[in-house]
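Order as written gives the chain letters A, B, C, D and E; numbering starts at 1 within each chain.
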Amino acid sequence: ADTIKIGFNIPLTGDNPDVGASSKNAAQMYLKKNPNVTVGGKSYALKFIYDDNEYKAESAVKVSTKLITEEGVLGIIGPQSSSQAVPAGEVANNFATPMISPWSTNPNTTLDRPYVFRGCFLDPFQGPVAANFATDELGAKKAAVLYDIAADYPKGLAEFFKEAFEKIHGPGSVVAFESFTTGDKDFSAQMTNIMMSGADVLFTPQYYSEVPLIVRAAKEMGWNKPILGSDSWGSGDLMGLCGDDCKGYYFSTHYAAAGAKGETKAFIDEYSATYGKTPDDVAALTWDSLGLMIQAIKDTGGLSGDIKADRTKVKDALAAIKNFPGITGGMTFTPDGDPKKCAVVVQINQDGQFAFHKSVCPK
Amino acid sequence: MTFNFLMQNLINALQWGSFYALIALGYSMVYSILMLFNFAHGDIFMVGAYIGLGVSLGLLSLFGSGAAAILPGWLLLVLTILISMFLTAFVGIIVERVGYRPLREAPRASAAITGLMIGIILETGNILFLGGQRLKFPQLIESVTYNVGGVYVTNKKIMIVLVSIGLMLALHQLITRTKWGMAMRAMAYDYVVVPLVGVPMNTIAAMTFAIGSALAAAAGILFGLAYPVLDPYMGVSFGWKAFVAAILGGRGSIMGACIAGFMLGFIEIMTVPAIMIINRLFSLNIGSNLRDLIAYSIVLVILIFRPHGLFGQAYSAKLRL
Amino acid sequence: MLLNVENLRVSYGNIKALHGISFTIDAGEIVTIIGANGAGKSTTLRAISRMVPVETGTTMTCMGKDLLQFPADKVVSQLGVTHVPEGRRLFGNLSVMENLQLATFARKDRDNVKKDIRRVFEIFPRLEERKAQASGTMSGGEQQMLAIGRAFMSGRRLMLLDEPSMGLSPLLMMNVFQALKEINKQEGTAILLVEQNARLALKFSQKGYVLETGNLVLEGDSQTLINDPEVKKAYLGG
Amino acid sequence: MPLLHVTDMSHNFGGLQAVSEYNLSLDPGQITGLIGPNGAGKTTIFNLITGIYRPTRGSVRFDGEELVGKKPNETAAMGLARTFQEMKLWRHMTVLDHIKMARYSKLSYGLLGAFLDTPRRRREEREATDLAMEVLKMFAVDQFADQLVVNLPYGAQRRVEMARAMVIQPKVLLLDEPTVGMTPDEMMAMIEVVRQAHERFNLAIFLIEHRLKVVHELCQHVQALVFGQVLVEGTPNEVQNHPKVIEAYIGEQEVEF
Amino acid sequence: MEETLAPQQNGLKYRLGLFFKPVPLLAYLIGFLACALWELLVGDGLTSILGLPKMPVLFGLLTIFKVLAGVVNLAIKGEAFNWATLVHIPTALIYLFVIYLIPLAVVARATAKPANVLARFLHGFPLIVTALVQLGLMYAVLHIWAGVSDYRLITLKLTLIAVLFTLSLNIINGYMGEFSCSHPGFMAVGAYMSSLFTVGLFTSDKVLGEAVFTFSAAYLSFPLALVFGGAMASLAALIVAIPSFKTRGDYLAIISLAFLFIVKSFFENVQALGGSRGIAGQPDWATLPVIFITVAFGVWTINNFVTSTMGKALNAVRDDETAAEAMTVNTRKTKMSAFLFGAFWAGVAGGLLAHVLRYINPAMFSVQKLAEVLAMVYFGGLNSVYGSIVGAVSISLLGEALRPLEILKWIVIPLLLILVMIYRPTGLIAFKEFDVRQVFGPKEVD
């Protein structure tokens, strides 16, 4: 039978191997469920190729090139993180191959790149969501931010948050804007500054692995005010690492696992049954991005066999998708290739579940 | 703000410095005795932390935790530390046997490369066996925060600082007062003739690695208590920074390595409040993100003015080629 | 017979340094090996102290025990065979005292150690003056004394001395040789001496061997060798 | 005026007075010997003259120019070549490269020439090679030109070291125990080599030796150094028979070297 | 005095060596050219005849490891494995033999005589003539070879850059014998500064603003950008070079490591250069010919330097600094030139890298990069141009070929390196002089 190949440009080693593992898990689950796809009346076997980008930009470029020119994939899923997605997107666009980054929230990933799409909202959207939430629901007038300056995503989001918060409360209302560097484990110096600043809330758009350390440092310094996080908190492992320390805090994210319904619940149940843990954002977004890609392939109405022409067709079909029913929300792409998606704010409840608190949708 | 603020940071710096000191100590053991860069040391620290994790989980399941505990937490902690130090010592011995002994005659830099590679293997092995996700280190003892006049101190911080100072003093005695220490220093100077005075060289080398690795394990467990998230790459930056501290302290000086470790921790932590104070004083707006830049510029300047480290003597040895 | 070496063969990679030499040393005896540069003298000593591997076919026994069964450090600590290498090779970062103490690493007889150190200081009073000095900063002669003292501390059934006179002033050289003779007499230590200064070495010893490019070409008691015209021509400067 | 003129030079290491009030005047073509017990400060004097250490006090003049404060490569380039007691050779370099290296200060092609392989560089390198081969022949080590020095017999290594110093085309040659570790035969050969070099280039030589035979054969003038101070100086015979020298250095017994 | 053991006179290796002894580089190049053309002609056909899924791009290694990876996954994770793919191992080998090894051997051996004649003829002219001819031929081979697949092309480009980078580090770590950790920092400076030049001046960009100049021949300024990057890297190298007068060995190693941390932190913090987000959108100027010429030029100048007496002073300083000084060597100038020169080429390599990837960020120039380049230097061999070429090429290719092994790759590569270090502690081809005349010249057989 003919095959359709989809490439995965994901980090299986390097700083965040679990991100790659989640993506691969979701993909394998998808493949098991849908081993074949029918396009224009013809059945194709799906084939996924996972390539390791080592969580490095340089490698991500090589992997993209390899997937496109070597493996002859029809489209690429990934990279997950913006620091790889930005350079890899350039390659995909140059080779006119559709690429969907499930998780990259940096605007530059898709900007001016017709072939590059993403499966999530953007930081310029998420930043204000968090700022508004802090203002409206937490009653904060002064905010502190703690972020990793060396990582693309936290830094971007921290800046968007600051901008949005100061727009509401005036310049200087972000009273502490503290940073550290990737790999740092000790946040006591920054926390001491934050304690002194008199902030009402701490916003920290950090990876779930750093959150427990930050929360702990805060508590050890006597911090008893709210802490607000972002989509990077939303890993199934957060609670395993953080334990009771994180309970009661809020974060904005792509979907709320606890109390999910319908398709989303089905996905969560099946994933949990297969891999023994709740799917995190990456898994859910990878699943959706894969769904988008397959949908677009189907929408082409038939493949010619000429891979170059087919890629363009897939891209056009992707751009034309309307209201794709993803498990993380409905998706329609803007001309830039970004979906208009609602963000969810979840609270970590006393059972350690990410409980849906509210949903914020773009206007 | 000022006094409390400074005290608080000082205490933070002490704890952070303890880790650098402990790890630099182990690094410096191997370094000053075999004159080898043990670039795998950071990863042995990681392995030590994971072994500590395994041991403590094992002990907890044996003796129960929380209300059902048969033994008090501190005892479990002591047991965990001792058992893990013992087990990690073997990792060190294996690393020496496989990666360093065959290279004793080789250029030192080649051994540095083997060290790097062993480090990568340890990291990758961890991912292979444990799947790469972060693991939580169990909190064997209840964390208690004391508020001393507005300065927050936890019992763990105190313990960590004391344990590392204790280990450092013990090791210093070992190196300067005992025959073993003498043999280690002799080996640093000229390993070829060590057997000629009746000293079993391989035993000394293995011992050195064993002690260094055991120290790394102790550091790993204390680290797990203070920062309970373990990941396979947690040793990498520690490894390089211990390298900085070990040499900054001065070649062959165990004490020096330790003090340099504290100093490095101190510089790293204190630049943040220092920047803040400077900002206030001169109403500037320098970000605390310049920390690494400033901290390592200080290291660089120290070395320019003290080209042989803080406590090292001048020497003209070069890489053994 | 203290040491019996038969068919000793050593090579460094492709270079054959010793082609199967045989010799013996009796207890308390002073034996010298003379030969040109590169003849293989140092290699012989290194082979006995197990610093270089020997080739198959070699047998070496010390007091009836198979020497090849002992690793380098056990040759010192269990057989009492010590080697003062070419160029002294002290532990320059250790003090004089530490150098001496380290040499007793494997010794169990703590009381005797103190006595022995006192003995070394008697033979070389200069060392006692410099007890705490880092040995690396001492002058060549002082270092040579310490090297002998160190060997004395670690075992003294047989001392292997590699060019102890190298770089020493005439007076000091005499002192060193006197001290060696004294140790030999009082402790019954056998000495295997390697020297460029053949005349001195032969005068000092009872038995001599002449080594030429890895082969023993001549042996006999030292007095005979000194008067041998061949030896005279080749090694005693005419 | 003497070629090398040292006046009241002193030096100490920490508390140790290694050299005190040392004086030397060496005329062109003169060979002066320096003897003394181990640790007397002989090698230190060499190091002070050549600029490896900077004397605490005193002056060193060479050809009328002050040397104190100059770096070793500068004093060497001025014509002050030396060998080392422990023979400092470069393990990974061939014999030919050793000799050519001593031409460093005479090369004028500059870094750009080195990077770009200019004709000038090629010419200068060729000239250096030719000169080096000539010198190697003179010291009878030309057959080793392409070998690494570590593979050479000991005596040949000594001669390479000497050849290397000679390529600088020095006016003064400082030799630190050139015959140490040699058999009597090799020692005689070395004496011959030194003598030839001396005669051919009218070199001034300053020589440290423990073997009195070498001193006798070569030197017109000898200094005996004890504890950093010159005890006696004069002709070899005068010095050797001086009771103080016998007491401190030679000893009573009749020894041959 | 010394007897050398006679080499074995009858081994296969010996006889093969004898057979190929008279083959000059020129003939090998002709052979490779034949292979590349042959592949162009029959590669696709042979691929389908052999039933290979895709034309093997890295000499079949990738294909073979893909199959092996399948087996491994089956063994350790029980993942499904298509046994039919096992046949790809022999077929990939057949491909390797039919397309490369056999034609190469046959053509190279067959043209040995005329090639020798030609090489001897060219040898009569100044070196530059034969160098240009042979490099031109080499470029043609690479061009045709890489023309087959863009993956080959990017692998080749990055490999060439790695060669330059490795060699530039070998100057300091191998020839001068210091353990310098600052090289990724130099590379970063070069990458950023050349990007500043090209992106800042000629491209409209969010970080660096509108293009200052726009004209169609802007790419002609690329060499200038590279030189600018290299020069700035040299300038930055002063920070490491000056302390090297006073200190050596391990202390210098951490000075250079501190430098690396500082550079990384600097670029993370300078928002005008994109901060941690980096700079994207470098113009696509680093084409294969540009890289080839730059790398060839770099290798040439580095080789010139290390074979000159000026450059050999590095060895003298390494083996015994006191003796070097006593022999008139200006050790300051020597150290300084080594650092600045090494940094210059590292900077140029950085500039090329930035324009191949067309994206840079500070995280790329971390200690990981350091570990990588150190591995290449020490694997290939210290103090050797050959060594660096071999080290960079083999580790780069291996890194790609082992990709299918996924995470196991990071067990296999380190193990391999450890083995090399144990059995050849100074690297595969250490302390070997690269004599250009001899390499390009005819092979005279007696």
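Keep this in mind: a contact is a pair of C-beta atoms (placed from the backbone, for glycine too) under 8 Å apart; a residue touches a chain by one contact, two chains touch by 3 or more.
Here is each chain with its UniProt name: B, E = Branched-chain amino acid ABC transporter permease; C, D = ABC transporter ATP-binding protein.
Here the structure is a predicted model, which means the values were calculated and not measured.
Undergrad: May I ask which two chains are joined by the most contacting C-beta pairs?
TA: Per-pair contact counts point to B-E as the maximum.
Undergrad: Let me check something: if the centre of a chain is the mean of its CA atoms, which chain is farthest from subunit B?
TA: Looking at centroid distances, D is the chain farthest away.
Undergrad: Among the chains here, which has the CA centroid at the largest distance from subunit E's centroid?
TA: C
Undergrad: Please work out the Cα centroid separation of subunit A and subunit B, and write it as a whole number of Å.
TA: 35
Undergrad: Roughly how many whole angstrom separate the Cα centroids of subunit A and subunit D?
TA: Averaging C-alpha atoms per chain gives centres 73 Å apart.
Undergrad: When the C-alpha atoms of subunit B and subunit D are each averaged to a single point, how far apart are the two points in Å?
TA: For subunit B versus subunit D, the centre distance works out to 49 Å.
Undergrad: For subunit C and subunit E, let me know how many angstrom lie between their CA-based centres, rounded off.
TA: The answer is 51 Å.
Undergrad: Quick check on subunit B: which residues sit in contact with 2+ other chains?
TA: Residues 124, 127, 236-237, 287, 289, 291-292, 321 of subunit B touch two or more partner chains.
Undergrad: Going by the touch rule set out above, which residues of subunit C reach two or more other chains?
TA: In subunit C, residues 38 touch at least two other chains, as defined above.
Undergrad: Specify, in ascending order, the residues of subunit D that touch 2 or more different other chains.
TA: Within subunit D, the residues that touch at least two other chains are 91-92, 153.
Undergrad: Quick check: in the complex, which residue numbers of subunit E touch subunit A?
TA: Subunit E residues touching subunit A: 54, 57, 62, 149-151, 154-155, 158, 206, 264-265, 268-269, 275-278, 280-281, 353, 357-364, 368, 400, 403, 406-407, 409-410.
Undergrad: Where on subunit C is subunit B touching in the complex?
TA: 49-51, 71-74, 76-77, 82-83, 85, 89, 91-94, 98, 101-107, 136, 150, 153-155
Undergrad: Going by the contact rule at the top, pick out the subunit D residues touching subunit E in the complex.
TA: 50, 52, 71-73, 76-77, 81-82, 84, 88-93, 97, 100-105, 107, 109-111, 113-117, 121, 125, 128, 153, 164-165, 168
Undergrad: Of all residues in subunit E, which touch subunit B in the complex?
TA: Touch residues, subunit E against subunit B: 173, 177-179, 239, 242-243, 246-251, 253-255, 257-259, 261-262, 264-266, 268-269, 318-319, 321-322, 367, 371, 374-375, 378-379, 382-383, 407-408, 410-411, 413-415, 417-418, 421-422, 425-427.
Undergrad: Quick check: in the complex, which residue numbers of subunit A touch subunit E?
TA: 12-13, 17, 50-52, 56-58, 61-63, 65-66, 68-72, 83, 86-87, 90, 95, 106, 108, 149-152, 155-156, 181-182
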